[in-house]
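One structure coming up, written as structure tokens, with questions to follow.
Chain IDs A, B, C and D follow the sequence of writing; residue 1 opens each chain.
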């Protein structure tokens, strides 16, 4: 049974965008007469590398929620769980190029890859230099050694944040790309889900999870995880998740990290904090210190019940960039 | 000789076959994917057909590139993007030609297949559209030496059908269907079916 | 079926608080050896009026989420949907009194009223001057003319925000109280719910809403609303809600307002923006201009599906206070 | 004369009756509220009894105030807070007394009832605890003129029972039960029942 606040399901994405644009006119605008091409209200920023992202709808604040000061310059918006088109990415690219080129940062999904590649080709024909960083840090989506196959999930936040801060310093495209790669290489994520979601245009759950069941490692579109089983206690779930994340980088005694506890949509913040309590305990036992903890919704899947944990390994450079202020309609941070 | 008016006819023929097979493609894609293939293929070719029917372009290459651009805009799903890429790359290979010989058609399908492989990273044997396109490219190259367009048409139609048939036995390794892996063996690949339909329609106007 | 990330249900609130305190040690601490007495890490602030709140758990970021710079100084935390005790309020009061007295700002629920009144009496015995402002702006909870019976819901955010900014200016207790009263008098809220919630210790839904049904005006603990009926389109729901809010103050052509679109827990942000689109349309038709829109979760009810709309009428004084920066672990705002 | 040792006996007696009626109170509160009344009343009086049994306080007023404080800490629900307020206000009225005469007992119940009304804003007739406490206060004042503690005990016991009985016919206007309004008419009010049990137990030790 679909129980949502909707008008016509087909109009869902565009009405959402109309709502966003009318709520935040000082911060965001659309270009090319296409609601799905969203850029900063003050774009382009001359002399700054432009940062663009894009992806399917249904993941707010991903993706367009990170367009704003200290973060990204533009975003191409797709249908629910669908890649935006290459032409929309190209429009965004044109609108944010400040003469220093554009870096695409997006998640490793084949539709997005194909379209961003096509957009890159189109931008090249217009002599806009474009580079890409494809984020993929979900340890449940492919084993160690096959990192290039991993899906990008909530950890992309750290890539946006560090690359955005670097671009703000006036760094050139190669340098900003280096930071994006470094941030991406230092983050690992794993999720757990308790319930499926309903895509408005589909109208029924696209997969099922039994009463009393959970799936560890499920992707944000319901991609299969690494284990489905009976729902365990919060502490047990967190332990199993951390057992996947920590050996993967690996994170070791003496490391300093930032942690992102990300709600997938319907999970109350209360539960995210119950879970974080156990994360903190595990990290402290391993001798890993924590610099900054983010708790909230950073990459969702409509009304999915579940959460993900991302751990981001810091060095002085990344820590300095993470600490920089940022401000979008969906994310604000004062200087740390 | 294949010129813009034939290219227009090809787009129209593909459109008709996609409309005719809309429900079947939806059904096939529902089994291993999200079920939108019938919709996106119709959208891509209806739009291309409509927008370009009145085109005054005489350069076949440019015309086919424009067709690809139209598809990219109208159908941003996997197959939409791949087919759009194919038309754009294939068109690029025919740039500056107003009439194409069999060798040009072979170059078109070669660039088409290479473009799809580069864009989608799938190789022959991965149970995708490529398993139709690559044999078609090879067959067109071989048949082109005959210098006869009917021979090329027959060769690509034949290669497309055989390619689709062969892909049944393969295991999906790309796109949504890859989730099902082993379970896809023996089932038709929706993209390969759509690819075969496209080639058949294309072949029907080649002369 | 209860599907939550939990350890022992009885430990839910305390484990959540442990998680919060370990995630944000630079910003929050507890006092009196009681996790449920939360104050700013830098409390007391000498020379500043102390602002305290309190209420049941299950509403994050209410209530403790508004403890921090530019907002409140302390919060007494109750069990899920239960008032904290007067002695806990007293401990918080002691810990935040900077010599200029303490203002309690909390929602109009009888348990909270009784306990805050008792705490006031106890604080008086210790010669700490305490005043109270009891927020109640849910138009669905009592008719016009009986405003004193109305429940306090998400609109309390505006009271916190303005009073917090005023206290930061160094204003005295009477002046801060005046601002709290003025802000409270200028806000109206109404909610709509599609699903019930499960209190962890209870383990089953405390009320039901049928498949395909919604309830307009339902309170954040499931208190009855003004109408239960079939789920309508987002536009129709918003229209019915705005028809309750706008005539109540009333808000009129030429007014300037801030709008708060508050998710009750499980409703995706996408849907909040679809709803805001219609709010913006209605306000614009009425000739009411919008200064700042907040969209997100500001006062929740665990995993309830639904949202509330709050409209806050501005004048120069309130606008100036609303625009001031603030920073807590749950809410950050740069100067507007 | 009522002194601290009798006050201790009173707390203990109330505790026992609450423990005995625990399930009944839960049942009553479940019908019109959240069902916790049996638990909170036990918690309040068990804690007060335990913490104060060994007290060396001789001031009856201070002792009863401390009892109220203990209840406030241990049971922050509606009835917990109201009963705590009653003991604190009643105790305040007896400050500096080590032994109480019937007039003092009357003053205690007057302050108790007034305190609960001030705290909870309920008036007689609203179907709450007040509908037991207020008649008890009035009866204690009237009986006090007799100068006889047994007369006071009998009067408050009687008033509590009648008050509880009368409250059945009223409509709930406060607390969770107020949601049910008309539907509560004819049903016992959980808080009034708990109040009657408390007064009965208190009366049983008065001499």
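Before moving on, here are some points about what is shown:
Following the convention adopted for this analysis, a contact is a pair of C-beta atoms (placed from the backbone, for glycine too) under 8 Å apart; a residue touches a chain by one contact, two chains touch by 3 or more.
Because the structure is a prediction, the values reported are computed rather than measured.
Common neighbours of subunit B and subunit C under the contact rule above are A. Among the remaining chains, B is positioned farthest from subunit C, on the basis of C-alpha centroids.
As a whole-number value, the distance joining the C-alpha centres of subunit A and subunit D reads 58 Å. Mean C-alpha positions place subunit A and subunit C at a centre distance of 29 Å. Averaged C-alpha coordinates give centres for subunit B and subunit D that are 85 Å from one another.
Centre-to-centre separation of subunit A and subunit B, using mean CA positions: 34 Å. Residues of subunit D in contact with at least two other chains: none. Contact of a single residue of subunit A with at least two other chains is seen at no position.
Taken chain by chain, the contacts run in an open path, each chain touching the next and the two ends left apart.
Subunit D makes touch with subunit C in their complex at residues 69, 72-73, 76-78, 81-82, 84-85, 119-121, 174-175, 179.
Only residues 1, 3-7, 12, 15-20, 22-24, 57-58, 60-61, 194-195, 211-212, 231, 233-235, 237, 261, 265-277, 280, 293, 295-297, 300, 302-303, 305, 307, 325, 327, 329-330, 332-334 of subunit A touch subunit C when the two sit together in their complex. Those residues of subunit C that touch subunit D in the shared complex are 78, 82-88, 110-111, 113-115, 117-118, 223-224.
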